[in-house]
Amino acid sequence: MSNAILLIQCQDQKGIVAAVSDFLFYNQGNISGIDQYIDKDSESFFMRVEWELEGFRIPKHEINEGFIKTIGSKFDIEHKLYFTDPAPRMALFVSKLSHCLFDILGRHQAGELKVKIPFIISNHKDLEPIAEGFNIPFHYFEMNADNKEEQEAKQLELLKERKIDFVVLARYMQILSPNFINAYPNNIINIHHSFLPAFVGAKPYHAAHARGVKIIGATSHYVTAELDAGPIIEQDVARVRHHNSVDDLVQMGQDVEKVVLSKAIKYHIQRKVMVMGNKTIIFN
Amino acid sequence: MSNAILLIQCQDQKGIVAAVSDFLFYNQGNISGIDQYIDKDSESFFMRVEWELEGFRIPKHEINEGFIKTIGSKFDIEHKLYFTDPAPRMALFVSKLSHCLFDILGRHQAGELKVKIPFIISNHKDLEPIAEGFNIPFHYFEMNADNKEEQEAKQLELLKERKIDFVVLARYMQILSPNFINAYPNNIINIHHSFLPAFVGAKPYHAAHARGVKIIGATSHYVTAELDAGPIIEQDVARVRHHNSVDDLVQMGQDVEKVVLSKAIKYHIQRKVMVMGNKTIIFN
Amino acid sequence: MSNAILLIQCQDQKGIVAAVSDFLFYNQGNISGIDQYIDKDSESFFMRVEWELEGFRIPKHEINEGFIKTIGSKFDIEHKLYFTDPAPRMALFVSKLSHCLFDILGRHQAGELKVKIPFIISNHKDLEPIAEGFNIPFHYFEMNADNKEEQEAKQLELLKERKIDFVVLARYMQILSPNFINAYPNNIINIHHSFLPAFVGAKPYHAAHARGVKIIGATSHYVTAELDAGPIIEQDVARVRHHNSVDDLVQMGQDVEKVVLSKAIKYHIQRKVMVMGNKTIIFN
Amino acid sequence: MSNAILLIQCQDQKGIVAAVSDFLFYNQGNISGIDQYIDKDSESFFMRVEWELEGFRIPKHEINEGFIKTIGSKFDIEHKLYFTDPAPRMALFVSKLSHCLFDILGRHQAGELKVKIPFIISNHKDLEPIAEGFNIPFHYFEMNADNKEEQEAKQLELLKERKIDFVVLARYMQILSPNFINAYPNNIINIHHSFLPAFVGAKPYHAAHARGVKIIGATSHYVTAELDAGPIIEQDVARVRHHNSVDDLVQMGQDVEKVVLSKAIKYHIQRKVMVMGNKTIIFN
């Protein structure tokens, strides 16, 4: 049977852990994981608790209301309730580069990513054969300077219609409008091919090569209105040497991108990410 | 003011988190950190909770009894209670190599390690000047095949007399007897200069060089009766190349040893290590 | 145009670099890369030199003879001559796990691996659809205790017939016979899913989990008669935590396996690997 | 006996390797290491060759002239000639933080750094006791807005008088004037406590914490007129988590700083660094 996951955020105060664990214990919930973080600077409290639904005395669809009545009436908190079943629905946005797409679909096929992928969206047709190979619908949206607003509106309609929970930009080479971003706050995951905040923007491997760095990296983050400046979920690096060309950096970097992006997707799916201002808390 | 830390270990069961957090909340304890782990295989529950003593309604010296009465009467648990103040008392054992000793004393002097170091013990006199430079008493115990039992007995007496909480073997090149080890269960930290379980025993850098590995490592672990086989606390690695000599490996490895050992000491001091069979849980 | 690559191995002696570079200069060769290593212990000299064939005065098919006449008559050396064109021919052996196969074929399709893959051999039919998806012939060889010798003979015949240069065992779960191994000395690349020499043999992730290591790894090596003991080409690691299950280790490890194996293949293809006893020299 | 090291830089052209190796062979030089790199973009050739002076037919003090006559007359090259003996003379500049100073002096004492350290310069008196403990003269230069030019002039005089070859800024918190920098081009090594080009300037750990990065780093580079923008010699990183405070980052980062700076010093001493524009070639 599946689990429930509760994410809680509030001003730090005595008794919150006791109240939540009492609520679960009273209702016969078996806690399978509890994580907590107190941010001293802002005096904020963050908590993730996961418990088994089997044997829990409150029916699944009444848990949220029950929680609000019991805890929400006592503490001024923000909370989100998730269930591990059904799996969340993820839309994949791609352009021309195949490495992240291949990697995600391969992991998905191997059962590593507990997610549904109703479709792939792209502004180019290059990767359509890969989508077909994995039997996933592929929607082509031509994008140009004139039709962006219109095409994004259609994309959003499609996302809504197919009940998409979150979006992954797997090297999608279009900048999303604020309107699109606001429709999925902290639910659009991007992979940037540099060790942010170094080398924001286009062609970071060229910039890294020109600067002569000895280590390159990749960064997965939630998309916000400011380019490449959203909350960082995961980063990793690879060592390079003076004889490596830009092409070498691209190849070595793609290996990092794939691992970083898939880790960020996993943390997101498992509800292990909480956002605090422009930073993330990763309960892993 | 200082904090209290409670480490709890028991059969996994409903209500334990609620009971502990209720106990703390009821007594006005402000939880500053809570970590928990359930080992599915053995159905065991592990928990670390830290709270501020300021404002806590139970006096420091009655907390243990209070906890036993309240929680220990309901659940069959093992627990340990620690306080962040006063700092634990650590004995350093060394032989001839200075790098770990230098590193630990440098960190200690810079305030990075919250610990008291009443003395250093060695089976060689080589490092006495370093101890003197840091104003720490240095006790020389000559060790040979005949006097081991006798000398260890004297060492243990000294440890007891000076109320030593735990021992760090900072490249101490003597194998401790089971008798000595049993006097400090899970309280003797060793640094082994290989990526265990590869290259157990003497001269691991020579063995690594002979095998032609591309990565070397270091391992910090609690000492048990079986050589280099105790619970691993921390490991790290460094990349090597074909042209690196054994001497190069020694130098590169020493940098890893220092960082790995100091991390293990920190985790131990902060009571972030729990031992489960021959493995560690690190709440970091 | 393509390049020539010369690998040279001999007793260390004065004049060898001068002789080789004179030979190339005299014949108008433009050196694009030169690497050299002297092993002090064995007083052995290793060299890799790559030069452009364009403008080189000796025709491609006469270079080997020319080199032997000029240099081989003066020095007692072993040498191997390669050309970057045509690409070497690689046979892929797989069993049931798809991650390495997917990774290699994806990189090959993206132009990252300069190699021809005439076919895939497997002792199971599970991965045949992937081979078909990439339009690569798939040969199924059922293996059991009784038919091993016979089936290996057929495999070797196929390798010979299709002029295979080297073999990659991409998580092929069969132990090759010495007879097979001897047919491709230092030309069979295996990926072992541990940080060798730790956890030789079957189920290394289970062994790593049982030992409680904090870092896992993968090792690519040339296959020799002794299991998992051949010259190591490349290794890498990933950090794990106490809460990671064996399944987590498998998933995290597979990411390392893919990168390590593809790096080993690249070094091999680029003739950057020289074998010295049971160790490798990697000119990268 | 000691070795000679020749660093050569010129337009890429046929015959240069042959000419240099002939020169050495003709004069009975036994090459112990040769490294070479061709930068395709600028068509530049870089070479490092090291050979044993024992048995070399040209006397030490005539080698430079001999090389110019033989090779310099044929090719338009820049070259530098070094000897492994006597060791180069290094001046250490520090301010208040002790970790890099301790680390360098500890390595020096252990014989790891083949260098002479005639004195330490500081703009604060805090670290004088450490210098005394290692018996190294300590020169205090008070620095303020008004006396910078004057004090730097005195420092330069001291460097000249004591025949200093290169300068290491071991967390020296003063910006050097262009005049000072120009006196030691590519001979002033700085350690910056971030993964450059991210977080240039003051308080990079604070900036990294504010940005919420998951990895921090340190960078060693040659000092040029533009702040933190000189040729990068070495970089390394450490993983951080959301619960790490700025103080944690400082401590974790200092471990990286020490290793990165000592590696950069070693490469520099061993003449393994060549500068190409604003980048370095590291022959390691």
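Each chain gets a letter, A, B, C and D, in the order it is written, and its residues are counted from 1.
Rule of thumb we're sticking to: a contact is a pair of C-beta atoms (placed from the backbone, for glycine too) under 8 Å apart; a residue touches a chain by one contact, two chains touch by 3 or more.
The shown structure was predicted, so the numbers you read here are calculated from the model rather than taken from an experiment.
The chain with its CA mean position farthest from that of chain D is A. Annotation: 37 Å between the Cα-based centres of chain B and chain D.
We define each chain's centre as the mean of its Cα atoms; on that basis chain A and chain D are separated by 42 Å. Each of residues 241 in chain C touches at least two other chains.
Taken together, the touching pairs cover every possible pairing of the chains. Within the complex formed with chain C, the chain D residues making contact are 14-15, 17-19, 21-22, 24-26, 28-36, 38, 239. Note for the complex: chain C touches chain A at residues 98-99, 102, 106, 109-110, 112, 133, 241, 251, 255, 258-259, 284.
Of all residues in chain C, those touching chain B in their complex are 37, 40, 195-199, 211-215, 217, 231-237, 241-243, 245, 276, 278-282.
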